[in-house]
Amino acid sequence: MRVGVLTGGGDCPGLNAVIRAIVRKGTEKLGWEVLGFRDGWQGPLTGRSIPLGLTDVDHILSRGGTILGSSRTNPYKQDGGAGAIKNVLAEQGVEALIAIGGEDTLGVARQLSEEGIRVVGVPKTIDNDLAATDYTFGFDTAVHIATESIDRLRTTAESHHRALVVEVMGRHAGWIALHSGLAGGANVILVPERPFAVDKVVEWVQSRFERMYAPIIVVAEGAVPEDGEQALHSGETDAFGHVRLGGVGTWLADVLGERTGKESRAVVLGHTQRGGTPTAYDRVLATRFGLHAVDAVAEGDFGTMVALRGTEIRRAGLDEATAELKTVPPDRYAEAEVFFG
Amino acid sequence: MRVGVLTGGGDCPGLNAVIRAIVRKGTEKLGWEVLGFRDGWQGPLTGRSIPLGLTDVDHILSRGGTILGSSRTNPYKQDGGAGAIKNVLAEQGVEALIAIGGEDTLGVARQLSEEGIRVVGVPKTIDNDLAATDYTFGFDTAVHIATESIDRLRTTAESHHRALVVEVMGRHAGWIALHSGLAGGANVILVPERPFAVDKVVEWVQSRFERMYAPIIVVAEGAVPEDGEQALHSGETDAFGHVRLGGVGTWLADVLGERTGKESRAVVLGHTQRGGTPTAYDRVLATRFGLHAVDAVAEGDFGTMVALRGTEIRRAGLDEATAELKTVPPDRYAEAEVFFG
Amino acid sequence: MRVGVLTGGGDCPGLNAVIRAIVRKGTEKLGWEVLGFRDGWQGPLTGRSIPLGLTDVDHILSRGGTILGSSRTNPYKQDGGAGAIKNVLAEQGVEALIAIGGEDTLGVARQLSEEGIRVVGVPKTIDNDLAATDYTFGFDTAVHIATESIDRLRTTAESHHRALVVEVMGRHAGWIALHSGLAGGANVILVPERPFAVDKVVEWVQSRFERMYAPIIVVAEGAVPEDGEQALHSGETDAFGHVRLGGVGTWLADVLGERTGKESRAVVLGHTQRGGTPTAYDRVLATRFGLHAVDAVAEGDFGTMVALRGTEIRRAGLDEATAELKTVPPDRYAEAEVFFG
Amino acid sequence: MRVGVLTGGGDCPGLNAVIRAIVRKGTEKLGWEVLGFRDGWQGPLTGRSIPLGLTDVDHILSRGGTILGSSRTNPYKQDGGAGAIKNVLAEQGVEALIAIGGEDTLGVARQLSEEGIRVVGVPKTIDNDLAATDYTFGFDTAVHIATESIDRLRTTAESHHRALVVEVMGRHAGWIALHSGLAGGANVILVPERPFAVDKVVEWVQSRFERMYAPIIVVAEGAVPEDGEQALHSGETDAFGHVRLGGVGTWLADVLGERTGKESRAVVLGHTQRGGTPTAYDRVLATRFGLHAVDAVAEGDFGTMVALRGTEIRRAGLDEATAELKTVPPDRYAEAEVFFG
């Protein structure tokens, strides 16, 4: 049996651990040939693939990124994309495909599955916003890195009596902000799910300064002020007559500086959050996802994806992956609010 | 309302995060006085306690260990222990008690609860072997540290064509060995739940050497060979006429050296696994446990403990904490076996 | 004998290690009273000080920042500043002062010394640009953090075939860029000492892409293009009609994207480089600086500062600290150029 | 020109960084062919070698160990060893050899050089005990790892009021113990250079307990008690009638437990100290050593080794490498003694 594998969308620590588990179990235990497609859906579109054997997956368990490369190519956004993929799979004798990716990648997998291609999905999103699974690999690593940065910034904040705004990833869901903010002891956490009142943030920051603390504000890149996001676009002139530089973190640091009279600085963590060696948690989760995806293929349970429920790996329909965005619910945000101000 | 808190048993990264969450929510949001008892059950036995306010829990979120100290004192193992505790609580005006600890500490809590003392438990075991909860804080940190060590040892093993045996914690349950072995890419993982055949281990190690890998064997301290553990006691003379030095890891490295003719070394990770700053995962879990323990007290739901189920914090009876040891089930061990040899 | 200590300028990992060493040796071995002045020169100006005993310096060896606070206050920039300091020192019975800081702080120390105040300096600059000493503490930590970030970013760059520009600290000297670039395997390193030709950087980046590498460009915040820095000011409109957002790193990523047609991103490490626990190297150096500063005071060798020469701690005149900026020399930059392109 | 390279002796973080620098500069800048010999002197003895090109040294800068393998083979300990090496070098057309290793490896290099083989040395010792150079790569990484472990153990010691003995590497020189002990805030540091009085250690430990500290004792594996080392041999029966298990650390923990009545534990860090990714410091030093070794070969300056003096890379005679062991001098130990007790 020949099985293909690809990784799509933004890179994420743990992708290589999934690939390794698929190759180890597929080739050593089940006698498969495993073929790696390059650069997401571009691989099965254009036929660019490489055979994956044991030596190819040596030493990659602890490496971030993906040895297969990735892309955001969507075969349904080009004419005949799905047909081209069918042809390539037939030509290369690929009987089943394991697609590792987020909402977009799995959405394509679902469509291809409906057209008869035998696909199993492995969910991947650093933002942890897929409803079908408790957690996705990469998220723990991102939270770990963000927390380490907050730990580092705290001493600077305290030595200089400064407010520090840390902007973390999370365009639509605030999970990284919530977890790293809790873990880093942030004094305010702002998430996309809950538009924030600038006045309230100013008040929390001031109360923190009065108690001799230097406040740390963790803000998801997608968080917006209650009174609209128009002022946030980089390069535009704001109500104060300033040209806005950068995202919500930089903007908020400026506003806090102006409103509190205290020095305020922003740090935008950016891509460092999604790179480097995965945490042990993510390596275990990614490895288990890979092993169970192999099982699903071996059992012919196509059109499904693997998912974590509690401590168990289960299967869910590929449609569940894309059905709903998993956002931070009010009770989880309320837990964090205990530490605000 | 005055609420006491204590930490019992072996120390564990995240204990301070629980204490901080209790103090922050208890004092700031609910107006409680929080009293910290020193050194586990010794505190309520002898009356040694300190008031815990906001400044006492500053900067402790990221610190390992416990600011309250710990001990293995069991009040039921001394005459009048339970009575002494009742008296101390009455004298100091403590209306409810939050006990953070493992099987022993929570066992005492359960007994005291049955005698009418108002107690809420927070489960703690670095070994992750409490059945009532999916995970306990400290476990992720221990796995993280063990994995980091395995990562380090791999390069030495490969440069010198050596077998390296890494002994990790786990007297009765092999969770740390299983997770760190999976995350570190171990070639053999040995756990207490499954007595191991030395011949089989030798075979795996040899096959690994033949394929030009240097094998890493992760062994839980409580793992035993199938043919009995008599040879393992440190200081005794074994079948080879050697005095045995150290635990199963050191013993196994000796045996592998003799049987394979390859250089074999043991590293015993020991206490480094339970110290130092908790991972972000453990800080979040410990913080949530602390917040929810406060809720249980506030709601008068005594005789319970907090527990993680999936992503939710639930309550369980204190009796559940001590009912059953959660060991590595066969299907989880089978996942790891894919990578053996 | 009563001895004062203060920390001035930007915070730096290792400041607390210096303070601890001064207190431990001063009080335990020499019987001194040690007084900590708050917030740099503001302390001796306003009289804000606290006694420092053994328990005050517990647990601070591994903590970043400074327990004394810091500021950029310069007593010579306000009328009667030096006189106010003399009065405060006399009033509080402080017979000697240890000033820990960079060019500005030590410049003030030198002036006060010339006016008869008994001062010993400890050099501090995260940028490593003081000519009087081989290395300053904090630098190794900054390089360590920047290197860790570059390691993380490499996997993202490779997975997405992107160019990544990492902007590190270094306004006037490129030491952090040079060392972290070498340690992180950067393909281009740009420093303030050597204005760069954009064409040449584009060429290096393209050649790297052709050889299937994803390039990492490390740029010091003070690096400037050969053809002038006018385009770099944030908020201004550049030659391409864009409003410039951010510093040289962001600008360069934009230019590389436009010129190479490849996705290019910038990450600005910012304050994370100067926070958090110091590396072992910096803790040892800072501790030795503190011990030797105590010796200089004990021997009455005022007007001096401690300095590292090879593996030895020596003394230098306070005037040497401010005499000359230590920049990256051509032969050190040439070492790095081996790896360019 | 064809140049050989080999790595001998115990592995050490940074070896791969040296190899990479040699290959990058040798092939890209000077047009050399570089040949890697396998497993130390075994390679040139038996002819086992592999060509090293750019892709072979990709991604190895941050990897511990050595891609060439290592051994302790000494060609002068077998008949005709030197002759065999000459023949192999001639057969394979190797005109010069770069030998990376410690006292033994460089001793062989010196002898071969005296016999006319064109050799340049790169010093390597994790123990930092080569007199010819200020520092060797690998040492900073070992100190970093040991310090991290001490940081972790401190919280356990304090939570349980225990004495913890940490045994680190250093058979003949106490540099790792000295630096990690200083960096980790150890209360006692014991080194091979200074036999220790057990009574004095007991006294320090007791005084520390009285002041409410939990003491950490860092001991080099080669440290010995003043009253002789006979009791230390593992497996023998000591004065207390116990069979001794393990080295000086384990022994000392037993003695401290018996003498102070406090719980005392030993942790033996072992091989974890020499594995894993090198620190940024070691990557820079190793890279510079590699570049300068290439220069020495290019300039025909054979019989020499590269060495660090202050911030400069210099050359020393290969005889200097083996002339003298660099041990911890009394004044450096006296610095540490400030913190004892």
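Note that the chains take the letters A, B, C and D in the order they are written out, and that residue 1 is the start of every chain.
The rule is short, and it goes like this: a contact is a pair of C-beta atoms (placed from the backbone, for glycine too) under 8 Å apart; a residue touches a chain by one contact, two chains touch by 3 or more.
By chain, UniProt protein names: A, B, C, D = Pyrophosphate--fructose 6-phosphate 1-phosphotransferase.
Predicted model only: the values in this text are computed from it and were never measured.
Participant: What's the farthest chain from chain B if centres are computed as the mean of the Cα atoms?
Facilitator: Of all chains, C has its centre farthest from that of chain B.
Participant: Using mean CA coordinates as chain centres, what's the gap between chain C and chain D in Å?
Facilitator: Spacing between the chain centres: roughly 30 Å.
Participant: If you average the Cα atoms of chain B and of chain C to get two centres, how far apart are those centres in Å?
Facilitator: The computed centroid separation for chain B versus chain C comes out at 40 Å.
Participant: What is the distance in Å between the mean C-alpha positions of chain B and chain D?
Facilitator: Centre-to-centre distance between chain B and chain D: 33 Å.
Participant: Which parts of chain D, given as residue numbers and ranges, touch two or more other chains?
Facilitator: Residues 151 of chain D touch two or more partner chains.
Participant: With chains as vertices and touches as edges, which is it: line, ring, star, complete or other?
Facilitator: Looks like a ring, each chain touching just two neighbours.
Participant: Could you please write down every pair of chains that are in touch?
Facilitator: Touch list across chains, by label: A-B, A-C, B-D, C-D.
Participant: Quick check: in the complex, which residue numbers of chain D touch chain B?
Facilitator: Residues in contact with chain B: 7, 10-11, 13, 15, 63-66, 69-71, 145, 148-149, 151-156, 158-161, 164, 234-235, 242-243, 245-246, 265, 267-272, 274-276.
Participant: Quick one: which bits of chain D touch chain C in the complex? Just the residue numbers, please.
Facilitator: So the residues of chain D touching chain C come out as 21, 24-25, 28-29, 54, 58, 61-62, 134-135, 140, 143-144, 146-147, 151, 179-180, 182-185, 211, 213, 277, 279-281, 283-284, 287-288, 291, 309-311, 335, 338-339.
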